[in-house]
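Next up: some structures, all given as structure tokens.
Two complexes, one shared chain (chain A), two partners (chain B, chain C).
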Partner chain A sequence: MEKKVIFKGWALPLALLLPQLVITGIFFFWPAGQAVYQSFLREDAFGLSRQFVGFENFADVLSDPTWLDALWRTGFFSASVAFLALSVALFLAVQADKHIRGANAYKTLLIWPYAVAPAIAAVLWLFMFHPNIGLFGRMLNGMGIPWNYKLNGDQAMLLIILASAWKQVSYNFIFFLAGLQSIPRSVLEAAAIDGARPARRFWTVVFPLLSPTAFFLLVVNLVYAFFDTFGVIHALTQGGPGKATETLIYRVYTDGVMNLNLGSSAAQSVILMILVIALTMVQFRFIERKVHY
Partner chain B sequence: MPGPMSLQAPDVDALARRTRARQRREALLTHASLVVGVLIFAFPIYLTLIGSTHDVNTIGRGDVPLLPGGEAMANYSQAWSAGGGRYMGVPAAGMLLNSLVMALLITLGKIAISLTSAYAVVFFRFPFRMLAFWLIFITLMLPVEVRIIPTFQVMVDLKLTNSMAGLTVPLIASATATLLFRQFFLTIPDEYVEAAKIDGAGPLRFFKDVVLPLSVTNIAALFVILFIYGWNQYLWPLLIVNDRSLETIVVGLTKMIGGGDAQNEWNVIMATAVFALLPPVAVVVLMQRWFVKGLTETEK
Partner chain C sequence: MATLALEDVKKAFGATQVLHGVDLEVADGEMIVIVGASGCGKSTLLRIVAGLETATSGRVIIGGQDVTPLEPADRDVAMVFQNYALYPHMSVFDNMAYGLRIRGLPREVIARRVQEAAELLGIAALLERKPRQLSGGQRQRVAMGRAIVREPKLFLFDEPLSNLDAKLRVQMRAEIRRLQKRLGVTSLFVTHDQVEAMTLGDRLVVMHQGHAAQIATPMEIWERPADTYVAGFIGSPAMNFLPATLTAGGTAARLETNGLVLPFADGPRAGEEGRRLTLGIRPEHLRPGIGGLDLQVELVEPLGGESVLHGRLADGAPITAKLPGALHAEGPLGVIIPLEHLHVFDAETGKRLDAQA
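Let's look at the complex of A and B:
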């Protein structure tokens, strides 16, 4: 879509665009280019010399069993977070969309967690599930279930999944509710008159009409679980115990910032960039489709 | 002859009663599910509030109380002016100020440069216009997380580490805000521009007197989302700042926890957590209408 009536000149629009372009140039494209460039280089241990090594960094990363473990772990983590956050949000949105008293109060009480930073969500969950001082942590231990997420990798994973999903539900809830409210009442009434019970009405009428929203949210949630949960992991488990909660992003951080392994970190960054680009393209292809339908 | 009709006719009252009873049951179930949902989200906060009102030993012993204690004033004032944690405590007051300045600079910066970029792209024709638009758009695909090390090197080269400018300027570029304003500007009728031109108003005048006033709701909506985004930054401040006078509250809070020892001053940590939560939650709750609108419209 283009405007027909426009202003003349090119100096002013360029000046208006300049701040944004300068910032993206310096802080986005230059570093991204550097990441690609560094991913083909290797530095010696003292950072004195560099040499071009072709795709060796990529080959090393992709054949490193610990990286592949992190890849699998990230997949499991992201799928769990997305599934949990989406299903709980959908359930609550369906309830809040009904004509009941106090619907608006429920909505407010369900959307505020959007404001909670992932790292703070982690702190709240840590305080509940700390093995010595946490209410639930102590309860579990008291019931004879040995609970210590600092020693047990599976429990650590469970905790970061719960904290990450908890924070994301409100976001999904807002979108599901908006989706539900855009479904015409007449369609639901027609289904009800035809004798469809509520459960059947949901799965054959409501859910298909919500599927574009659900698909969009799935992509957003995967991106969230991949990138934005860094704060949760850093605050709660620091990737541990061992490497039990080390996701791909956390690993880029440890390899680059802690271990200063620049070539490998850069190669991992480039792989992640490709992943983000793929996810974004999926998302936009879907949006194009939605426009036509 | 006893047909179905004659059987149903006297039952209308009973049927209506049964329907009403069923509707009541369903409403009750709906309320129950929503209350459970609300509790799942409120309980962690409740526990945090409770934790912030007890003394350090009560929590350290592991006797997690479910009712408020009497130490609230002491804990909050310690958190506010001295900080907690056994390592270098940083007062929450300073960290809150840093977070506030950072969030506001990021928010206002993003809104300002996105407004001007979208205006340039929509209301002018000039060489490389679409290239510029795509360059901004592509940044969606380059989150900080995938270019950590090289971005950090750029910051070091430009001597921007440990500065408020370093914390904020690189985060000011915004593809989403530019996209939103572009979409909105495209809906402004051509007649407005024509009228402005006939009246002799130039592009800057038109921007100030027509486009800006029309954009107020969109700006308010974006403000909420971007403020939350700015306030909740984590990885970026963690990388860029190690001068503790520039610590933001979200990062500062997790540093207080360290490895999560039971001996931490949990009461002060929980008071700090409440400080860290209050501003963004207040913004979302108070500006709920704009927030929901902004969220569902920017991400479409």
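Let's look at the complex of A and C:
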């Protein structure tokens, strides 16, 4: 039985929907439309003249070797963040699930990072890993391990991966824990009686039953690593040293805001938008087919 | 196939004592039904045998080997759960093959055993399906199949039929019994349904609040219940109880309700004059007649060939009678108590009082 609310006329429904529509319009459709519009234009740095150039901005971006470098870098970065955030969260969720009594305190602790703004999270990591003033940075250097992410590109990449993954762990954890708790206890007991030891039970029963959750989280984490890590990168490394931590989203910012190359920057964001739409569509298709069972 | 022995098994969850020391010896190939009201500790006992719960004290011995410290995986038992607990992401074949693969059996042996078990249970056509594509009865069979293919030392059943509809339940009950006899596997079967218990078990364990109130064959329990709890629990409709006192030098009981003196058919009971007793008489043993109890019948339930009559004595005590025929009316009715069917219990302890030799 479907319950339908019937409104008389269209004024009230419109009024009720309006705030949401206005917000979506102002903060999403308008800038997105602007970006698409911009991506077909070429403009001088002072905004004095503009001309329609068709797909030229896109062609330039896609053939720019430094953009392609950034693409690979972003791929590596996103995959690392997603892998790290997912595996740590899964490990923690399995531990929490074992001692379900304590799970609430555990949950609260783990959700904290998610509530921290990206820039603040980054500052936290900065205070820990700054080569001169950071607790761990100084410790590493003191132990004779040269640590300076401001000079070493690999270390810079490692740092932004850690900081970005850390922020996402709590979110993943909540979903994994919910997934684990929805597996009937008796199914695991049946596996135990069938002779499966804990590791085998995990890989043959728990993990396959979690796979829809894991897949959903994978997409969410990839989208997060693509888009939501700007704040972390900006506060920690500003894309440096060199271009060692310049991901696609950061490059949109550098090209558009720093270099005022609006056409190219707009084309880049349109490409990113398409990537995310594609990822989301893959996800919907899989969810419709109910991955695995 | 193996024997099973439980030695003084106790279990407490925190401060709650759930099992108060259960002893049981099960012979090779025997089917034991553990029956009792909900919450009396049946599942807990079964799970201790499976190794899913650890007993607070006592020992579990399977096939002569003390398995108390062993994990479920090392006990070589198979269990059928009430909710079937099939692996939702695996096909029926994989569900049944899971335990065999873990034991590292060759592929052909697994395929053959699963096929045989599937044919035995009539699910050979369903091997490719996932559990969610099966009906309740089919899932039940898969759960059985998963236990059978393992060829374990023990079968453990935890109310496996209670999620089925009435007709299927009767059918599966007979089927489980046939299979168990044919395979000869020692089995423990937990149920709260006394009809299931009576029809399935070689012997029953009637549990009451964490104690084994009586362990005996179904007929023995029905004919000679060990106490008033067992007497009231086994048999449907339940046994009538009447307060009485010992009289005539222990050779008879005097009913409190109307002073009627009932001489014991099988011999005198111990105890002084006036010892307080509880007399039990099954509804199907009451006969219409004058000179026994005077009932006011309030409700007649016709069952076809016979009827169940619910009535009250003058003092308000409820009495149920099961009489042949369908033509009974509400209103006054006299019933007599056949002396050879009288059960005598001590009123204080509820224990059965047998005739002195």
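Operating definition for what follows: the second predicted complex is superposed on the first by the 271 of 293 C-alpha atoms of A that agree within 3 Å, B and C clash if a C-alpha of one lies under 4 Å from a C-alpha of the other, contacts with A are read in each partner's own complex, and residues count from 1 in each chain.
One rule holds in what follows: a contact is a pair of C-beta atoms (placed from the backbone, for glycine too) under 8 Å apart; a residue touches a chain by one contact, two chains touch by 3 or more.
Values in this document were obtained by computation on a predicted structure and should not be read as measured data.
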Review point. Can A:187 be said to touch chain B (first), chain C (second), both, or neither?
Key: second
Practice item. Please indicate which partner A:133 is in contact with in the superposed arrangement: first for chain B, second for chain C, both, or neither. Key: first
Practice item. Give one of first, second, both or neither to describe whether A:124 is in contact with chain B, with chain C, with both, or with none. Key: first
Point to revise | Per-residue contact with chain A, leading partner among chain C and chain B | key: B
Exercise for review: With the two complexes superposed on chain A, say which partner A:195 touches: chain B (first), chain C (second), both, or neither.
Suggested key: second
Practice item. Classify the contacts of A:116 with the two partner chains as first (chain B alone), second (chain C alone), both, or neither. Key: first
Review point. For A:68, is the partner it touches chain B (first), chain C (second), both, or none of the two (neither)?
Key: neither
Check your understanding: Once the shared chain is lined up, is A:258 touching chain B (first), chain C (second), both, or neither of them?
Key -> neither
Revision key, fill the gap. Note: in the complex, chain C contacts chain A through residues 50-52, 71-73, 75, 77-79, 81, 83, 85-89, 98-99, 102-103, 130, 132, 146, 150
Review point. Chain C touches which residues of chain A in the complex?
Key: 184, 186-187, 189-197, 200, 204-205, 208-209, 292-293
Revision key, fill the gap. Chain B contacts chain A in the complex at 26-27, 30-31, 33-34, 37-38, 40-42, 44-45, 47-48, 51, 59-60, 62, 64, 66, 112-114, 116-117, 119-127, 129, 132, 135-136, 139-143, 145-154, 158, 169-170, 172-174, 178, 186, 190, 193-194, 197, 202-204, 206, 228, 231-232, 234-235, 238-239, 250-251, 253-254, 257, 259-260, 262, 266, 269-270, 273, 276-277, 280-281, 283-285, 288, 291-292, 295-296, 299-300
Point to revise | chain A residues touching chain B - in the complex, by the definition given at the top | key: 1, 3-10, 12-14, 16-17, 19-21, 23-32, 34-35, 38, 88, 91-92, 95-96, 98, 100, 102, 106, 108-128, 130, 132-135, 138, 150, 166, 169-171, 174-175, 178, 198, 216, 220, 227, 230-231, 234-236, 238, 249, 252-253, 256-257, 262, 265-266, 269, 272-273, 276-277, 280, 287
